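One structure is given below, represented as structure tokens, and several questions about it will come after.
Naming follows writing order (A, B, C, D, E and F), and every chain is counted from residue 1.
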Amino acid sequence: MTVQYSELIQPERVHGSLYTDPEIFAEELERIWYRTWVCVGHVSEVAQPGDYVRKNVAAQDVIMTRSADGEVGLLLNRCAHRGNLVCEDRRGNSSAFRCPYHGWTYRNTGELLGYPYNQGYGGKNKLELGLGRVPRVDTYQGFVFASFAAEGPTLKEHLGAAAGELDRLARLSPEGEVELTAGWLRHRAKANWKLLVENETDGYHPQFVHGSVFSVTGSPIGALYSDKSTAVTRDLGGGHSENDLRPEFRRAARPMGWFGTSEARVPDYVAKMRALHGEQAEEILIEGAPHVMVFPNLFIAEISVFMIQPTAVDETVQNVTAVQLKGAPEMNGRLLSQCVGSVGPAGMLLADDSEMYERNQRGMAARRPEWLDIRRGVGRERIDENGFRIGAANDETGMRGFWSHYRGLMEEGAAR
Amino acid sequence: MTVQYSELIQPERVHGSLYTDPEIFAEELERIWYRTWVCVGHVSEVAQPGDYVRKNVAAQDVIMTRSADGEVGLLLNRCAHRGNLVCEDRRGNSSAFRCPYHGWTYRNTGELLGYPYNQGYGGKNKLELGLGRVPRVDTYQGFVFASFAAEGPTLKEHLGAAAGELDRLARLSPEGEVELTAGWLRHRAKANWKLLVENETDGYHPQFVHGSVFSVTGSPIGALYSDKSTAVTRDLGGGHSENDLRPEFRRAARPMGWFGTSEARVPDYVAKMRALHGEQAEEILIEGAPHVMVFPNLFIAEISVFMIQPTAVDETVQNVTAVQLKGAPEMNGRLLSQCVGSVGPAGMLLADDSEMYERNQRGMAARRPEWLDIRRGVGRERIDENGFRIGAANDETGMRGFWSHYRGLMEEGAAR
Amino acid sequence: MTVQYSELIQPERVHGSLYTDPEIFAEELERIWYRTWVCVGHVSEVAQPGDYVRKNVAAQDVIMTRSADGEVGLLLNRCAHRGNLVCEDRRGNSSAFRCPYHGWTYRNTGELLGYPYNQGYGGKNKLELGLGRVPRVDTYQGFVFASFAAEGPTLKEHLGAAAGELDRLARLSPEGEVELTAGWLRHRAKANWKLLVENETDGYHPQFVHGSVFSVTGSPIGALYSDKSTAVTRDLGGGHSENDLRPEFRRAARPMGWFGTSEARVPDYVAKMRALHGEQAEEILIEGAPHVMVFPNLFIAEISVFMIQPTAVDETVQNVTAVQLKGAPEMNGRLLSQCVGSVGPAGMLLADDSEMYERNQRGMAARRPEWLDIRRGVGRERIDENGFRIGAANDETGMRGFWSHYRGLMEEGAAR
Amino acid sequence: MSSPELGEIERFLYREARLADEHDYDGWEALWTDDALYWVPAGGPDTDPRSQMSVIYDNRSRIRTRISQLKTGKRYSQSPPSNMRRLISNVEVVGVEGTDTVAEANFVLVESRERGTTLWSGRVTYRLRRVEDDIRLAYKKVVLVNSAEALSTLAFLI
Amino acid sequence: MSSPELGEIERFLYREARLADEHDYDGWEALWTDDALYWVPAGGPDTDPRSQMSVIYDNRSRIRTRISQLKTGKRYSQSPPSNMRRLISNVEVVGVEGTDTVAEANFVLVESRERGTTLWSGRVTYRLRRVEDDIRLAYKKVVLVNSAEALSTLAFLI
Amino acid sequence: MSSPELGEIERFLYREARLADEHDYDGWEALWTDDALYWVPAGGPDTDPRSQMSVIYDNRSRIRTRISQLKTGKRYSQSPPSNMRRLISNVEVVGVEGTDTVAEANFVLVESRERGTTLWSGRVTYRLRRVEDDIRLAYKKVVLVNSAEALSTLAFLI
């Protein structure tokens, strides 16, 4: 029988089966992952014409390419002849792909260039075949997004208010450009993808899950999510949300404080920024980077960029890399080092988050309580000056935003 | 389409799909494992207030606890907030459980004690949430049973005549109490759980499967199941059955003979028993311990206690420990030693039983014959003085009893 | 909903789901593997009365036996009592099988010989039970075929024109008999079985997939499949097809050239053949061995015999051994050596084919293009003098023949 | 008599491993002293074998029984026998107890049988004694890394 | 001071492995020199750790932080800790860099925790330095065979 | 010339393992003598390679062909190549045959490629010959523990 999402997703609680039911996972692929805009990478990963790198959209093996005329495209890694992989290497540079099985060749934009022994097809150019292309590809601040739906909201419409957060990130570069050139850690968790997404938006867990590292490093991060914090959780709409730490940073009013350092440590960077932004630089350097979850799979935690890839109802791969700021060599080494220490399989933060996702998934096997509670902060939510719903730093406002958008997509999908 | 149990389960044969069909396994969980009384452990495992130990009912991860007021309870290991495991340690002592994800705490009886930063919920004690409890928990002779059905037959009703066998076991202790304090071997078999249950009730296989160890040890056990044996297989009703070896023990009339030893070897124990039971002691010491299968998952083979846990349609974990008799130190070392030699992954008996379960499961992949035969002894069954159906020592009377009860539960479940 | 094979299988393309859908795989087992004639082995593997060897038909574990009166039969490896395996050894010689669980014994033709403690069944010979037999077993040129359908086309009818190819193979023996006595390599591929079958019939891939070994050995094989080749691909009907290389061999007109050697190297063999066949020997020695795919699972590539066993929708075991020619000791060592170098997990040819099957299966996970193209050569097919459809050496004529027969069986099965 | 040094100990442990892997039951049994103790704990490394369940807790006579059972050919959990090889590595001489030298090592064992392939691993403690100019095994404790989890049948000599 | 020879190096590597397997955090940390570098590359063996992501890239002070975190008992990814054993084999002395001896070895590590059993394997490069009459670890690089694939959580000391 | 002793043999076997693991095809081929025999039996340890199928049964010239094929870069089953490491352990010198020293060892090899991770294990017999002041490999027989089961593609140098 068909899943009743309106019953499973309620304003203050969601049902455990959403994380364990293979049928629901299959529907999510069709209604979310192969329909809405999903982030697959960044243009800086294919900087030169001919550059390519293999990426994934859920189970789809796609090749992100840079064509001769500089266009970034996404091809499906499946030969039009008999379905062989046309690309085995993880990355490289080539204007064309050659399938090893029978030697068919394709331009890196997907067009079939040729096939050996063409008389078997009545000669050259007789086949109106080519590599599958992701129907819609668009970028914002260099982040590459894919949609398998030929029609639907534009990327700008999809991003909505989240776009501004990507702008804030890019603005931290003296050249206004982020680069994701440090390669990716790929971290596998035995957990449903939504447990990762919710964790990313969750300001309630850091003091507990990350207390071990906060205590030994004397990190101030815990405090940012404490009861006293003036930081807020903001539902940006469209399933996007942010943990807005700026109120705390503004209070401290320390340029570069958001990065746990001071102007003195990164003089060239600060100089460039002040030269470029004048008065406004102070604010930029104080407010720092965003902490935003872009539905459904892009998470930016100040210095780290995560892209979530669901691989099974109970398995997810979290890809993560360090933010690199174009024109800020002084910053980039620090950004990388801090990111490497925090994220991935051995990260002092993410390893423990991942342990939580996995225990969470195992806990879901229990028959009761059937529900997950998401009511935290319902009673103290308010609407900010821009009309966004906001809660306290450790409220579940972001999750509720996620779920209402999720429910919309899943029911819409059912309707179609 | 729905499974027709009346066709699959016939008086003298059962269909192979009962052991291989995932849909049937899913129905068994609902109609048997999460409904009838299932044995999960023994009160002696949580002797002190605050003691807890993790247990399983099929796929359910439950915590067996002893509350401050001495009550034994069963909690589901799933936080009421977001479903994380609240208990990772296998055993311990604590009056409360603290979920590591956001620090919610629960009393070891399941009540929610508190949650950090309670303003997010409008203050203290605003949430009517708690850990899930197994609806019905009851004990008999210290064995702890769980039923996920809020209503239904009482444990006494469920045990019926099998209760007397547990009494017989307890009676072997000078203090009338069994203890299961030796810890558990956990033995995984790639076989459906019913192959284990049937094997436990099967007096036909020992001479063949266990001939290797009987021959090298000169064990008399084989003979107890031979054609000449006066022992009987008894259908105790309710799916329970026993291999009643007392006729043979009475014939031999050797106190402690049932345990392969003599009075002289355990003088203190025998003295205590004779002092306690007077005349009746002779009978008790001659008749020894029961050999009983309590539906669906508790098997007592004289000195060993088994609890069966289905983990998949073709995988089962058999948990086993040695009977320990309170007040009988002289016996307990011997009981442990003999048990360890016999059971578990390397046991000289059980390793070969397990090999049979697994070959049996593999054999079931064959398309024909489609059936398993359970007719053995049908022609020579009789009703004993207490109205129980009994067969010869190596007859399949117990299996037939199992299957008629199983069928009843599965059809009843369908009706509901 | 039911699968519409007429939509999935079109004249010039087939749908990717045919290789990935578990439901379709389940239907294939019923409608093809457990119905039509499947090759399981060769009589020479059970040369003596009492010889037995374990074989598989898809998931069915069968025992190929040679009875006392010399009959070759196929028994299912499942005890009629409780379904245990009755035979654990891979091969041996015995007139009977004894189930280890309760000691039931069966003649190697399946009849139940006896059961211990027979009073439990009212005495001897009271049970009309026995090991399951494969309903129909027949042989051609010593190849043993099984059909689980009690009725249906005879083996001769099933083989049709493919029978002649088996004759051609046997004819290469001075005694007119092939022997498969070299044992089997068992090669596992993470790929659907049809990807193997199609690859076997595919004359388009060798120059590309096997270019590495051709180039280093200077092998002429590549050329046989080139655009210039006069060899043909022949649809033999019934899903069978061959890559007929004889035109090329005839052109070269070198006796033993088909085997990459010359008469001088195998003088005794050639002498025997000429003595036996007189004039016709020249033709036989020039034309050599067949390269034929017998639906659904027997593939003969000149000197190697393959039997394909599907184990899951995305996993297949390819069993392979060297052709041995009775009465040709001079040839057999060479045949074995060349076969071992070419096939199996480390084979200089088959390891790369297998890599292609597996990449092909992975490629099929992509959503587009949804189809596999099988049109190659459609435009230049013709009918040969015997009424068979033939294409060029590297055309997909064989695949099209496979699919039309496959579709027939799958739709017929649906109709039943 | 001098207590054996590392090289000699390794040779002995490799021999013991080979005899077990190859099901040379008599050869393996002959390695043991009369006061032998062969222990595979369950549920963690530090249980008390006299009060807690063990996977194996054999004295010399039970070792003999175990071997005799295997030799019947009807110990079905090892008939047909497992195909297996074990690597003994990280051999450390940790001390001397009376006449015995105590050594420890890590192992992985890959077992293949019809059920499938199983990977076993853990830490072994050996007590070795020089007898004549040979070495004997007085004590072997095998702590499996997964001793706290459910185990598959372990009927071969570990 | 003479550079250590193979036997001494193996003893050291086995000790290092044991301390890590047994979660003897202080003992393990004490093995390191002050200029320590502990590196687990990601995405292949030859990335530049100063411009590319690594699984671990710890200098001495970050090693201390990592150890301190583990010692809190609230590093949940290792609390409860993994049960594990690693085999260090194929130890080769590949050269000398200044005062350090460079050795390489292969390893397999079998990890058991509630999540399940995980097999880890790879090649390790060690830089060893004689300090007083002891050996210290100046550099450890662990190249996992599956460093190009998605990895499970790796919070124990590898 | 003296036959090599254990330490020298182990160094050689570790080198051979490293060259194979690292796809140093020329280096690995150079280890072989002209009368080389490289054998991986199928269906058990004791088949007759002249009448029974083997996974690999290469004489010197076929080894050359195998290596040449790998070096084309178009041996797709190893292009891209497997990431792998093998542990060679339990090395035993079992005897001398003519000028050759016969050694045996156990191994585990963890292979990672896009298909997934595969664990290989077994027993190896080596025949080693001293040539000048180097050692050469005259014979290598690899008996896989699962040689009786269906095997995945094994196109790397085992």
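A few comments on the model shown:
Throughout what follows, contacts are C-beta pairs under 8 Å (C-beta built on N, C-alpha and C of every residue); 3 or more make two chains touch, one makes a residue touch a chain.
Just so it is clear, the structure is predicted and the values come from calculations on it, not from any experiment.
Counted as hops between touching chains, the shortest connection from chain C to chain D is 1.
By count of C-beta pairs in contact, A-E exceeds the other of the chain pairs A-E and D-E.
Centre-to-centre, using mean CA coordinates, chain A is 49 Å away from chain C. If each chain is reduced to the centroid of its CA atoms, chain A and chain D end up 51 Å from each other. We define each chain's centre as the mean of its Cα atoms; on that basis chain A and chain F are separated by 45 Å.
Shown for chain E are the residues in touch with two or more other chains, namely 74, 76, 87, 89, 108, 114, 119, 148-149.
Contact with two or more other chains is made by residues 88, 100, 209, 356, 362 of chain B. If you check each pair of chains against the touch rule, the ones that pass are A-B, A-C, A-E, A-F, B-C, B-D, B-E, C-D, C-F, D-E, D-F, E-F. Those residues of chain E lying in contact with chain B across their complex are 74, 76, 79-80, 114. Those residues of chain A lying in contact with chain E across their complex are 90, 181-190, 209, 211-213, 215-217, 317, 320-322, 332-333, 336-337, 339-341, 344-346, 348, 351-352, 354-356, 358, 362. By the touch criterion given at the top, residues 88-89, 100 of chain A touch chain F in their complex. Within the complex formed with chain B, the residues of chain C that make contact are 34, 59-61, 76-86, 88, 100-103, 116-117, 119-122, 127, 129, 132, 148. Listed in rising order, the residues of chain E touching chain A in the complex are 40, 42-43, 47, 50-58, 62, 65-66, 68-69, 72-77, 114-116, 148-155, 158.
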